[in-house]
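In the two complexes that follow, chain A is the common piece, with chain B as its partner first and chain C second.
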Partner chain A sequence: MVSLLRNQKVRNALLQVLYVGSIAAMVLAGIVIARRNLADQGITSGFDFLFKSTGWDVNFSLLPATANDPYWWYFLIGIINTLFLGSVGLILATIVGTIVGLARTSSNDLARLLGRTYVDIFRNIPLILQVFFWYAIITHLPTPRSAHEAWGFLLTSRGLYIPFPNVGSAAFAAATVAVIAAIVLPAWLGRTSRLAQPIGQRRAIQLAAAAVALACAAIILALGRLPDTPLLDFPALQGLNLRGGLRIPPEFATLAIAIAIYGGSYIAEIVRGGFKSVGTGQVEAALSLGLSPWRVFTLVRLPLALRAMLPILANQYVWLMKATTMGIAVGFTDFFMIVALTINHSGQTLEAIGILMAGFLAINLSLAAVFNRINKAIALKGNQLRG
Partner chain B sequence: MTSTNSTGEPALRIENLDKYYGTFQALRGINLSVQRGEKIVVCGPSGSGKSTMIRCINRLEQHNGGRIVVLGTELNDDVGNIDEIRREVGMVFQHFNLFPHMTVLENCMISPMIVRKQPRAQAEATARHYLEKVRIPEQAMKYPSQLSGGQQQRVAIARALCMQPQIMLFDEPTSALDPEMVSEVLDVMVTLASEGMTMICVTHEMGFARRVADRVLFMDGGEILEEAPPDEFFTSSRNERTRQFLSQVLGH
Partner chain C sequence: MEMVVVAPPAPGRLEDLRRRFFATPLQAVVSLACLTIMVFLVWKLLNWAVFSAVFTTSGGPEACQAAAGACWSVIAARWRIIFFGLYPYEGQWRSALACVAVVVMTVLSCIPAFWTGRRIALVWGAGTGLFYVLMKGGVLGLAHVGEEAWGGLALTLFIFVTTCLIGFPLAICLALLRRSELPWISRTTGLIIDGVRSLPLISILFTFAVVLPFALPQWLQGDKLYRVILGSALFFSAYQAEIVRGGMQGVATGQEEAAMALGMRYWQRISRILLPQAMRNAMPATINQFVISFKETSLVVIVGFFEILASGNAAYGTGEWRFAYVEVYAFIAFIYFIFVFSLSRYGAFLERRMSVSER
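Here is the complex of A and B:
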């Protein structure tokens, strides 16, 4: 017996059994205790509550929503709200980050100073403070009666009102998908035909794909247009409130701005790092071949910088996606807030949190998977050495 | 400023060239004239200004004083002149500097297609011709990092030649290579020289200098200290520092 315990393999196996066993015991104990406590409070566990109507309202939804809708529908609304806020936030943050990052790598002293100041300020203030700051600013905008107006856009404490095409919502959604396809399709085509298709022809195919997708979008919009209305619906004052156009609620605007500004400061550093990683040798070689500075940028610096940036950028995107949970701070019904409200109203804490975690895992793992695919597709071939 | 073909005009004329990095003077009053078809080898200890000088010729470095006239075009702040000169002057670097995200073929085609506006088929034919010439036609579809150092440097030479330049600059083209790969690159350069290309090479390959150079320059401290045909340069140098340098380079 003693000699058996001295055997290294037996020892290792025994340790594994103990380890797995103690974890299983803890999980089991947790479940048993939770069930007993829930039973004591008269709460039945299980997912039946998903099909009961909620009895409360959401303040922002891209789908039709009433208090009679069941919980599963609300969860769906929450996920879509989170995805929508996340996409808008990520796109804006990327634009801000690219501009600031390029300013930081520019040869202009003033641009560099401005970029640096921006990053220093917004990267070092907690996100929640920034959310409250922007919310305070937006809710202190003038009332609809004395709104700031420019080109049909109205800025008020009740949100930003923008002119909106008079088309059905389904048609608008379809057109949006078509526009996204016009951007994604050429990029994808550029990748798949990298070696087979020569550069010149590849560009023609890409342009054609983009043109077809955009034409589809235009046709869908034309077909979905509401009859007997002007092309654009402008917001206008009616009584004490504004009618018409599209209203972007202050809560959504706040979060989108906060994520854009805060995320932008991180992305700026990623962009700067990406461009710094491009060797001066490649740039000099391109210049010595007579390529103009703009061509050197688009053909050499940008493609190489993107490759360096992408893995870190994916990380940052996953992070920013999680930052949408700040919605609860200003009352935007994102996935997290819906789950929080569900817990308050239904008491199904464990189930709701389980759904929340599963939802975020699904969103972020898909995001990471997409970026991994892109990353692999454009990775430098060979042994990854520059030179 | 487009008189590129006047017969009396040398390929390159450098007059009283000065170059400063901050307060440090890297080049002091350089004078050099290179005729068409001439092969110049520049040698000297590190930090002597050799690389700086040839990098001034296509404006990778901006000179602070004096004049540089390349193929009859003066190199000044005129962007058009800079573009024109860069089109006609090819350069090969110590670290190859190939574009790692493009295939060998794309590396060679990109500039002719964009700068010379050549149609794709023509650019590809040219690229394949020069890849053949540097003896690696079979590597056209590979990426630079899949090649050995010597092969990469030959691609870099082919890439520069695809622009069909009138002058070629070589900035220590064999210094970063493993010893057994040096000769494959030098062979290509010898062939190029024998075809009458105007060449300015910064190199320590004295065998190459003996074989190919019309003149060898010795630089130190930002000045050209000696300028002589190779026989004279290697056997009867008048300059003390040149002799010292040569004894160090040829000593083994």
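Here is the complex of A and C:
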């Protein structure tokens, strides 16, 4: 027996079994105890509850939702809300971050100082404090009767009202897809392998593709317009309330602003790091070839910086997606808040937590997969020594 | 033949200014735009925060609300609740002293002379012990104050310190387990680390605060505060473990092989050869992780703790100071800023120092 324990292989196998076994035992014991505790409270475990109606409302949803809808529909709404808020926050944060990051790498001392102040302030204050701050600001805006108005936009304590095209929701969704295609298609066509033409002629095809997609969007909007209404619907005061336009609820606006500002300060640092990593020799070589500063930027600095930035940026985007869970602080029904509400109302604790984990795992893995594809597509091909 | 080097004449001050900010038309436009934005913002801010602000409580909330600028009276009237939360009034000096103890401890551990395993453990053990005794009382004639009455800055610091104290050793264990040569140990640990990393912190805090009591036997549940700290420590350690592992990968394999050839045992190799070098490599990222986790302590407000953010909400939320939310948030943001900014500047300093010594 003792000699068996002295055997390295046996000992290793035993160690592994012990380690994995004890962790599995802990998890299993937890689940068993939880099931018994929940059963004592009259809650039967299982996923049957997914098909029962919830009996409570969500305050934000892109899909139609009533209190009679089943739980699985609410989880779907939660995921879509998280993804929607996440993508809006992500796009805004990228815009803010790019501007601030470029300011930080500019040759102008004043612009650098401005960018640095921005990053130092907003990076060093917790996101949730910023969320509370913006929520307090927005909910203390004037009532609809005395709203701030500018170019058809209305700022009120009940949300932000913006002019919106008078079209059906299906037509609007189709038009959105067309606009996205107008942006993605030229980039997709720009990959060397897709078109045989040399670069000069390729540009014309890319432009044509974008134009066709945009024209499609315009046609869809024109056809999908609701009968007997103007093309753009401006919000206006009617009685005590505001009518028309699109209302962005305060909760959504708060989170989008906070994520844009806070995430922007992080992305600015990533952008700065990316541009700093471009070797001065590369830029000098491009300048000595006679390229104009603008072309040096678009043809040399930007592509090289993008390559260096992308892996870090991908991490940051995953982080921003997870930051949407701040929604619970202001009452925005994101995925996590739906899970928390489900636990409160139905008591199906274990199942809801399982769904939460699976949901975030799926979101993170798909984001990572997308960025791995992009990364692979723009990585330098072949073996080369870089210095 | 001798070369004569003639230095170009040094530019005058005006010429220097022109070259730096108005070299090209574009530069001039950018400079002027930035200058306008800066002057506008600084003037607005100063005007609000200093020139038209009210600093005394003498006029009461009404006079303060009528003023054009900031109403700092709310801080003067409510600073105790922001800093100490619901801690008993006569014991609040203890809470303040406990915060000082933690700050001193943090400053001490930033000094290179304390960077040996034993010294840092001593400093942190003493600091945390002092904090706990001062806050909890029950000994040395101090009145007993239960955890449920802790609040404000002290609670924020307590959660941060205990998170690091539990999370850091746990992170090293996880990192060592993940690089184990036994495939099932490293795979299982990897699964745990990646699983925790893929979840948002709020959901982990929520699970530990609300869901865990169902899954634990009665005698293991403990106080909600300690469960939440455990959750936040787990989250911290999952991220820190990857940082430590990165640091370990930066240590040349020859180092460990040499140690093995000298006949050092596993623990000796880890504690004398691998970890010191790995921690050195991982230092900047570690400081960054501390900064992040300090900011993230504020999330416990969501599971119902009365830390500094929640006590700020309470400071303006009730009664006559309802209008002064901007001032309260600005004040709390300033407190966070002091802590986080100094820590991150220290991290940047460390990074510079290390890059110099490597050359």
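Basically, the second predicted complex is superposed on the first by the 375 of 387 C-alpha atoms of A that agree within 3 Å, B and C clash if a C-alpha of one lies under 4 Å from a C-alpha of the other, contacts with A are read in each partner's own complex, and residues count from 1 in each chain.
The definition used in the following text is that a residue touches a chain if its C-beta (ideal position, glycine included) is under 8 Å from a C-beta of that chain, and two chains touch if they have at least 3 such contacts.
Note that this is a predicted model, so its numbers are computed, not measured.
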Which superposed partner A:Ala215 touches (first chain B, second chain C, both, neither): neither
Which of chain B and chain C A:Leu63 touches, first, second, both or neither: neither
First, second, both or neither for A:Ser288, with chain B first and chain C second: first
Residues of chain A touched, compared between chain B and chain C (which is higher): C
Touched partner set for A:Leu223, first chain B, second chain C, both or neither: neither
Partner chain(s) touched by A:Arg307 [first = chain B, second = chain C, both, neither]: first
Overlap of chain C and chain B interfaces on chain A (superposed complexes): none
Interfacial residue positions of chain A with respect to chain C in the complex: 12, 15-16, 19-20, 23, 30-31, 33-34, 37-38, 106-111, 113-114, 120-121, 123-129, 132-133, 136-137, 140, 322-323, 325-326, 328-329, 336, 339-340, 343, 349-350, 353, 356-357, 360-361, 364-365
Interface residues, chain B side, partner chain A - complex: 58, 60, 83, 86-87, 89-91, 93, 95-101, 103, 106, 109-111, 113-115, 120, 124, 141-146, 152, 156, 159-160, 163
Chain C residues within the chain A interface of the complex: 20-21, 27, 30-31, 34-35, 37-38, 177, 182-185, 188, 192, 195, 198-203, 206-207, 210-211, 214-217, 295-296, 298-299, 301-302, 309, 313, 325-326, 329, 332-333, 336-337, 340-341, 344
Chain B-facing residues of chain A, complex: 195, 198-201, 279, 281-282, 284-292, 295, 299-300, 303-304, 307, 378, 380-387
